[in-house]
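These notes concern the structure reproduced below.
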């Protein structure tokens, strides 16, 4: 086992290990359901598809978050960007619902990017401020105007309907994933993200427009959050204030479990995909086991620390 | 005289993934001598002294000091044994004050707490000893120039009262005056029976200071001999492993070239004060002067890094300085800059060699918005071949390369963009003779291809040997523009000090 | 002359800190002017009580931030400490003291674990503490599945009032004694912050470990090469963070006479602690700043929220105003950017 | 502080005592008009927003407007010290009454002591305190749980079932409301002696979470005989519809969306009961505060009747609104108290129209 692990390339390790852990979770869950109900629903395609469907919201959020983390930044404005996109989309309604939602994501991304790239305020704190401004705006919106919060039929279709027996939400997630993978590996923008994340000064002096790259990544993150928000509103048939709260920390955890370096510069999208799947299934199995919140928190924490420890401890600073 | 050497290494080997940095090295050094360690880039000099200083653990071999076997697992242990090292990449903490840095690990204490006053006095005394009274002990190291930082680093080492002092290219950025101070200091230390290991790529320094020389090549200790027993030529042959002829490529006949890059009255923040200069196509213009006279700022201004630059810049008919490096590198200006500090400004160290090479030229390997992997591979291979960069695989992290090869990566990255104006900020700092020659040749070749080259160097010999013209900066302005046979050491030094009257005194 | 010069240097090197001090003074002065009972002991006591927990948390957060890391578990450790205290801090005076010691020890030990994981597991602090924070929260929920607890009522009253009430509650001596009058008005929470916060931090900063923390945040490689005790300093940093967080938790428990394993409160405290650190002039990149600045930053955050109680602002607009003010406050640092003429300086 | 007196108190149809042994409190009468503050905790869900709007609208209501000199609302977030601080600050500012939703059922000892010292009337409602030292306003959570469970038991009995698998969607972990409701549900089912299996999932009282955990539960457990949801009921039903789960009896909150679904699908078997915690409680708390300030004897714990609607009582435009959003709480008025600000009036119009 040890030998097999050490033979892996370092960047593949997180993917393989988390994939293995996913299987372990499914097996443990199945042992539990067999013992209590005598059934093994966890390996049924229905269950898995349904998990992926609900996981697609987290998956899309995490995809955007990864772009920002690759830069060594973080986007804490996700919760209310997501909620605001959903609320504005449903408030506008009709054909303009989707474009409105996405536009909210773009706008928040632009503001975040501006603050981080041009005002040079640490993203940890600027996006936190933007999140609370968005919350304020939404409280004001809900309280001051007549909010229409019903998801449009298109949103419902995208989030809840199936095509060939597979939920459409999964197709949306797949489409977002393809876009991100192509962006990261096959475009100047993606390569510049890695370069900027590794050393911004060197990237800048290489003639990379690092401010644009930063803005671009935050816009990507905002748009992903917005897409997730619109889908989630479709899935729940409506938008509501707290809808984004459950996505921030799991998204960060998924990205990191997937092997992306939290300080930026390194990481593969496949890892994020696997990380999201792991978190979604872990949550679901814990909820099936009716694990009380206390136990969930402890397990959650132990899994993250444990996985990161298994990946091999981070290397020392270079140049030492 | 004891019968065993003061410092003795036996059978030391150190391997990094893929490279043998040190291979079965036996080495010794005596007290009261200054011992030069020579070798081209990547020969293993830094690795050697890092093993001595407890930063790296050797894979095999043993070490003894004063006949006692020692094994240092961290720098603090080496310090405790009197082994003090000034590392190639400085070990100062930028956000602490100069005094804090000088007394970093062993500050004077009272009641278990650091005694600031005693620390301040101690720092002041040591700075005075190395004639750096101008450095404020309460100032932050961050605010100091590179040469001042090197002096503080030397002060810090002195403060530890070393028995063995190691300087790994510790004089590479010093001004002439400081170099003299350091020479005197080292001579004093020799008097005090301190052992000194001195690493430098500047032969004249070695010549002047050292008693004993050791040459390393490819991780092996080639030979140790006393000064004067070998000619320079022999030494270089030992280092490179082959005969090296004329140091600089021949200069083409003088001819007038239409200016391609023209700067007039460039001013910025009191650091540039009306600099005026022009560089023609196919011309190498050297930029000289004492360190910190605005040479770096001039290059950054031309490359679009500085805000609020006044004056006119004209590149190939394109009026105005670029507003960002991105604008600078694009047509029609096509400017590139090889920056001063390759580790923080030139390279993304953990990224692969290929990614670093491509960082400035994504658009050249793209089809539409997408990067074409085939073109990408071709471009990288071509760049590596062109500069003969010594690498394992293009996918290895650039951090694993030696200093010289890292510098080549930076240059290669820019050559991929096919620049017309090349700004070189001290590109040969810390680079071995062989690589230096390659770089000189490359510069000449690029000039022949019709590019305009502006070349800043702290080494007068380079300016004299390589450049068609030399412009000397003093206090933010160009004070002399030397051409052809006017480029002499006297002229350069005189102009650098900008004092005609006391010129003789300064040179002597 | 030299004093003036030294002060000038200090001013230049700590611009963020002095800016924060000025901002706080102005904000607090205006608040007191607007308040019907401004400049009174009662108002000061109330303000101080409200600030203790966030002040301790901001101080806790500062130390890992100085290392160049972040501790996302401070809020959870505070909650864990509060939950432990809500079980233990009652009974006889000896039992109460025992309970307090155990509470502080538990939080400190948790910080120590954070440090050990970060150092020997070689994990990034931000992500390691994200995970350990969840664990702390889980433990807190085990201890206190629902809010409650019985903390000694006298203790609650004595520690959340002026010195006069403290002396009166425990009948230490005659609180109306004339020699005592000049001190009687001083709020106990302020003393607690001074003794446990400033009293621990200032000496700590002057130790080698303290300096090593700064050195690591500024240039870890250089610190290591210079022979500083890297590992010990990192562990000490997280341990001290745990200690300060548990001080906050203990006070929170005493102040509310109960414990509450509230996940969203813990999260809000953690994020606010980071905001306070930034407002106080500490760089998130590490190496620059200090816990006193963070204390000021935390107080600024608090005072800003006081204004909602004296001004008439549409309650549904309040969250928006709050957000905009926070954003504006953290953006103040951006003026530095406008002054920078060499863009390379932006990247450090 | 207030004196403990014997009942009956003022206006017993509105201020009904919790139980027969609820004590009565009486403050010294004070001159009006009064300064009243509402100290809210968290703001950022519809319930709280609706509550704040109700409070503001009620303060402008002619029946009470003249008695209020100054009215302030602040939200302090989930931060206990900030909430305690805000209450204390209002006491220091000389406010006469402070109405609050406690962020935690404990920890108010100090402010209660201060309020008593300054004769300030402190009125927690909704999330009330575990103390009998202050006057509080709430609905009976245990009774709500009992009624929910009893309704399901009755519906199942009518279908000939005396046992089965029940899905319980719980609220926020650690909250006393969640605890009381859940305990009552379990007790009522247990009391029937039937063979019940209750599967608990945590829905956090919001639609999205509730929908997700319900979907999970259906995927794992297959079919349930009935559902009891503490909140997020619209999401719960939506998950059932999405999973193709047969419509079964359901007990839930008072969200408009849930009532719409029940009205539309009760014929298919979605026989539902809807009982809600009303944001309008704030108005009763305010009214009680004013009454106490006027010197009336008040029950220490005021019970507000449960607004129950079963599937057969739903009527569009009366107790649900098919043309309005899902996401507001239908019950808001309390006619016996003269609180007549309806949910749709609050939520569907901008404030200007209400005032």
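For clarity, chains are labelled A, B, C and D in written order, and residue numbers in each chain start from 1.
Here is the rule we go by: a residue touches a chain if its C-beta (ideal position, glycine included) is under 8 Å from a C-beta of that chain, and two chains touch if they have at least 3 such contacts.
If you're wondering where the values come from, they're calculated on a predicted model, not measured in any experiment.
Each chain gets a centre from the mean of its Cα atoms; the one farthest from the centre of subunit B is D.
The distance from the centre of subunit A to the centre of subunit B, with each centre set as the mean of the Cα atoms, comes to 44 Å. Between subunit B and subunit D the centroid-to-centroid distance comes to 73 Å (mean Cα coordinates, whole Å). Taking the mean of the C-alpha atoms as each chain's centre, subunit A and subunit D sit 34 Å apart. Subunit A and subunit C have CA centres that are 31 Å apart. Under the contact definition stated at the top, the residues of subunit C that touch 2 or more other chains are 141, 145, 221, 224-225, 261, 316, 318-319, 343-344.
Shown for subunit A are the residues that touch two or more other chains, namely 135, 139, 143-144, 201, 204-205, 292-293, 319-320.
Multi-chain contact residues of subunit D (touching two or more other chains) are listed as 43-44, 49, 52-53, 173-174.
Across the whole structure, chains are in contact as follows: A-B, A-C, A-D, B-C, C-D.
On the subunit D side of its complex with subunit C, the touching residues are 38, 40, 42-44, 49, 52-53, 56, 72-82, 84-86, 88-90, 92-94, 103-110, 113, 130, 173-176, 179. Subunit B contributes residues 55, 89, 303, 305, 324-326, 328-330, 337, 339, 343-351, 355, 358-360, 362-363, 366, 369-371, 397, 399, 413, 417 to its touches with subunit A in the complex. Residue ranges of subunit D in contact with subunit A, taken from their complex: 43-46, 49, 52-53, 173-174, 199-202, 204, 206-209, 211-213, 215-217, 219-222, 234-235, 238, 242-243, 257, 325-327, 347-351.
For subunit C in complex with subunit A, the residues that touch the partner chain are 70, 117, 121-124, 126-128, 130-142, 145, 220-221, 224-225, 261, 263, 271, 274-275, 278, 284, 316-324, 326-327, 330-331, 333-334, 336-337, 343-344, 346-348. Those residues of subunit C that touch subunit B in the complex are listed here as 6, 9, 13, 203, 206-208, 211, 214-215, 217-219, 221-229, 287-288, 340-344.
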